[in-house]
Amino acid sequence: MSGLHPRSLLPVLRPGAGRRLRRDALLFALMICVYLAAGSLVKNSYYQLMLTLVPIWAAMGLSWNLFSGYSGLISFGHAAFIGVGAYTVALSAAYLCVTPWLSIPAGAVLGGVAAVLIGLPTFRLRGHYFALAMLAYPLLMLYVLQYLGFQEVALPMQREHPAAWLQFADRRMDMLVAAGLLVVAMGISMVVENSAFGLSLMALRQNELAAEAAGLNPRRLKMKALALSGALAAAAGGLYACVLLVVTPDAVFGMLTSAQALVIAMFGGVGTYWGPLIGAIVLIPLAETLQAEVGDIIPGIQGVVYGSAIILIMMVAPDGLFWTVRDRLQRRRPMAPAPAADIAPMRTQVTAFRTEAAGPLLVVEGLSRAFGGLRAVDDVSFSVTPGQVLGIIGPNGAGKTTLFNLINGVLPADAGTVTLGGKSLGGLSLHQIARSGVGRTFQVVRSFPRLPLLDNVIVGAYGAGLEGAVAAESACLALERTGLHHLAATLAGGLTNKQQRLMELARALAGRPRVLLLDETLAGLGHEECDDVLLVLERLRDEGLTIVIIEHTMHAMLRIADEFLVVDHGKMLARGSPHSVLEDRRVVEAYLGSKWAAKCSK
Amino acid sequence: MLEVTDLSVAYGGVRALQGVSLSVRAAQFVTVVGPNGAGKSTLFKAISGVVPAQGGSVHFEGKDLLALPASDRAHLGIAHVPEGRQVFKTMSVLENLEMGAYPRQGRQHWHRARERIFALFPRLAERSQQMAGTLSGGEQQMLAIGRGLACSPRLLMLDEPSMGLAPAIADMIFERISQIHREDGVTILLVEQRVAEALELCDNGYVLETGRIVLEGPHATLSQDDRVRRSYLGLGDI
Amino acid sequence: MSDPSVFFENLINALAAGLTIGCIYGLMCSGLGLIFGVMRVVNFAQGELLMLGMFITFYMVTSWGVLSFLGPAAPLVGALIAGPVMFVGGMMIHRFLLTRVSGLRTTGSADEGHFGQLIITLGISLILQNGGLMLFGSTPRSVQTTLSSSAWTFDTGIGEALLFMNKARVIACLVAIVVAILLYFLLERSWLGRSLRASADNATAATYTGVDVSRAHRIAFGLGSAVTAIAGGLIATSISFTPFSGIDYVIIMYSGVVLGGMGSILGAFWGGLTIGFVQQLSALVLPPQLQNAAIFVVFLLIITLRPEGLFGRSAERA
């Protein structure tokens, strides 16, 4: 395989990805050989065309997957990029006499530019609006091209220089060129999927808020992915134009084109480079053959095939063929023997956390936030010194999680300041605050069930801006600290509830936070499980990590917290040593009601 | 009237309720207290049918509730005032109450019920045309209770009606609940975090901790028991 | 353009056309408003539901001529027949396709479920477009009556400017207004309508009050389909259409709903009306091919700049 030497790409790849990549690259190379060998035997020109379309559509599917598959933002308008590429090639051949060898790369650049221009306003939109806007762009271009009078652009015949114009007399050469395109598309996809970038994108799909709280910049990541995806789609569109020889707005900007790229990827499998390949191999010959055989009698059969394919796959196997088959195979395989101890003792003495200057590390002053008339957090001030563990308690709905959200920038505060090590965090966005050293876990744990534990944890290191070997080292150390290092290669989907909690903790640790905000890390755990996680937390405390923790299980809090801060109705009720706080009448009142408190003090 | 026997609920691999049994007799006031995360709301949701039960049974006036779809249970005369109020934010106060009267017996007695609700909570009458989403927390709680009453229920289930409310408002809400129990003869099942108030009102109380009933008894016994306090603060080891 | 009175004549005729066509757009937007604005289901196949409404009317009136004895009123009756047919069709789509991919059957507003639905509706849209091509052919059709080619003419009294009101369009517009009013009262004043809105607002709470939420969602989807199909039948009298015409209206409908403010049926109607004016007025300055492009640009501007809609906030009522 040309252009892809795993060794030279190692720095951008994730640890452990090299072996997987080599294996997949070999398998793919084999597939290409089989394809070319089989293709060279086909004599019928229609089937030659059909075989040429398979890799082209696979490349379009790959480009869709590169953005939507990894980031989880479904694009319904990839035809915008395909069309840009196709029209660039067609117009420059027809009017400027430029060979596709130049116009395809130029189209790819334009596709990337179009992606950035589309991304700039569109990434501000959420959920449904994003989907609708993406649907609108190619249709808008379609109308504009119709208006400009490019209803039908034919590529002029260039019989004298077939190689220069990609107009080979022997259509088997088309297959070779299409295979070349697919190799490029597949190479890019393979590197992205196994790189820090790809993993960061997947982290966005999993939980954008948590990913940003880990320090990832969602907009930049999405923009990069869309630009890459747009460029690839445009390149595929350019070659598509060369093969079809005639370009019409409906054929390249139409809704069916967008849908086709999406269907191919979703049918085969989302979020894996094998998906679009499988999708194209199954669907393109099916649709094209039906179109050729019965298209005259039953027009529109192609659209019906794609429509049915997508409905079928969504109802039967929403993740696509690849994952469904793989999950089934994995279930059949005998389970790996369960590790003897599910939390391993530490192997070596790990280095303590970085030493901070004396004096308060995290200072919160006068923090307030109201939702409508409800003052969720009202003038809260406290400070945490390095190495301290502060427990925040209070009844349901007291505003504890909102307080965390204000500290790490999930929500803007109405008033008040937060400083970390003397530096103000005011006005910084969520991921910037994370990068300055505020780590955070959330009540809901979300993992990449199909990726190994190490990959799940290393995202935290990438979020903090660590790269390559440093990131891997940080992730390994975090696994060691949480006692999960013996499970590094286990798929996260197979972890127990407790291990998932610890994984979340490890992910936050991998970013080397200066302060860790823990939101109900023990929720939903049984007694013994609680004890195990507490042991880990105690160990972290003893190593000098600064922690602010929200927790309901009071006996757990008594074990690890140096001090309690009691919050009720958004206000601070009390602060002090755990036992003094629990005897405080106002605290008993907040938890049990005023009458109970009155009775106790009697 | 309501018999819950050996009810178990689990979601996402976490066992939220394990073999919970409790009984409510007609015209009784029964309270369930327990620390956060003990499974109180899950108990209510299982009775109402919005979370499925894994085992055990729930009978209301002899009918097997678990065999009925969730939406049919309201028609039997059970009203559930959910945690966090859950009013219909985009509908007016009056429309929220009308929605409460959706079951057949509610529509029959709608006019009388409306008079009663407005008598209990005059504030709702003043704001009857206002969007529910623009009400304050206390007003939304009144509306949620009013919506529950609108179907002229025989059993009123209230989930943490004092949550997030200022003490004075919470006291007023408790006063109204007690009034509804005394004057309208509605059977009440209450889940509360304010133990003292809740236990004071009740005939019978249960303490729920990590999905199990750990204490039960008449209110006089429970309110003297320090184990309630320890359980509530999550100090454990009962 | 140079002559002010010609410009004035063009302007008032564009306004009149905007009003008549806008009311029909308003009706189709009300249908989508129920599905997208209220229930938050992005239905890409909404344009195809409209297209089916057009073809049902076409077959009733022109092709099979079942209704031809009704004379000029035939298209209106045909459109009204498309309503119940698509009500059942919409309920079936919801029952057998949409609820199979998400938790909408009970409660649910998880984003993933919604994306599943979105993709399913894309599949439905492809099947209906291309299935329509198989059944109806690609020849542009229209539903013509004697009224389609006649107009009421009014003298505006300013210069020589005359106002032409196409009779078929005016009548279709009036029917659209009546249907929209009926829909409004159904949603606002009936137990059924309230239960539909309550189910969309807070499915769990609606269940507590005794509403069968999955049934309510199904009925709402059917109702939205029916209303849009009726609008399709009404507009069929003044345009020509093919099985692929739905796509042109999808963006019109979404623009109207978003413009009017999500969750508000009345807003959706005003939004559609506004889009009608925008489209007709843009014809004064833009070539006809770019009219749809203008609407797309308006749509993109609205969702980027004012996603809460021009007419009030999304939390406001129907």
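First chain written, first letter: the chains are A, B and C, and each begins at residue 1.
Here, contacts are C-beta pairs under 8 Å (C-beta built on N, C-alpha and C of every residue); 3 or more make two chains touch, one makes a residue touch a chain.
Keep in mind that what you see is a predicted model, and the values were worked out from it rather than measured.
Chemist: Looking at every pair of chains, which two share the most C-beta contact pairs?
Modeler: Among the chain pairs, A-C has the highest number of C-beta contacts.
Chemist: Of all the other chains, whose mean CA position lies farthest from chain C?
Modeler: Farthest chain from chain C, going by C-alpha centroids: B.
Chemist: Measure off the straight-line distance from the CA centroid of chain A to the CA centroid of chain C, and report it in whole Å.
Modeler: 36
Chemist: How big is the gap, in whole Å, between where the Cα atoms of chain B centre and where those of chain C centre?
Modeler: 43
Chemist: Distance between chain A and chain B based on Cα centroids, please, to the nearest Å.
Modeler: 41
Chemist: Residues of chain A that touch two or more other chains: which are they?
Modeler: Expected reply: no residues.
Chemist: Considering chain B alone, which of its residues make contact with at least two other chains?
Modeler: In chain B, the residues touching two or more other chains are 134.
Chemist: Please name which positions on chain A make contact with chain B in the complex.
Modeler: It comes out as residues 372-374, 395-397, 497, 523-524, 552-555, 557, 569, 582, 588, 591-600.
Chemist: Across the complex, what residues on chain B touch chain C?
Modeler: 48-50, 69-75, 79-80, 82, 86-92, 95, 98-100, 102-103, 106-107, 131, 133-134, 147, 151
Chemist: Okay, in this complex, where on chain C does chain B touch?
Modeler: For this pair, the touching residues of chain C are 106-107, 191, 194-195, 197-198, 201-202, 204-213, 263, 315-318.
Chemist: Using the touch rule from the top, collect the residues of chain B that touch chain A in their complex.
Modeler: Contact set of chain B toward chain A: 12-14, 35-37, 84, 134, 136-137, 160, 162-164, 166-167, 193-198, 200, 223, 229, 232-237.
Chemist: List the residues on chain A that touch chain C in their complex, please.
Modeler: Against chain C, chain A makes touches at 74, 76, 121-122, 124-125, 127-129, 131-133, 135-136, 139-140, 143-144, 146-147, 255-256, 259, 262-263, 266, 298-304, 306-311, 314-315, 318.
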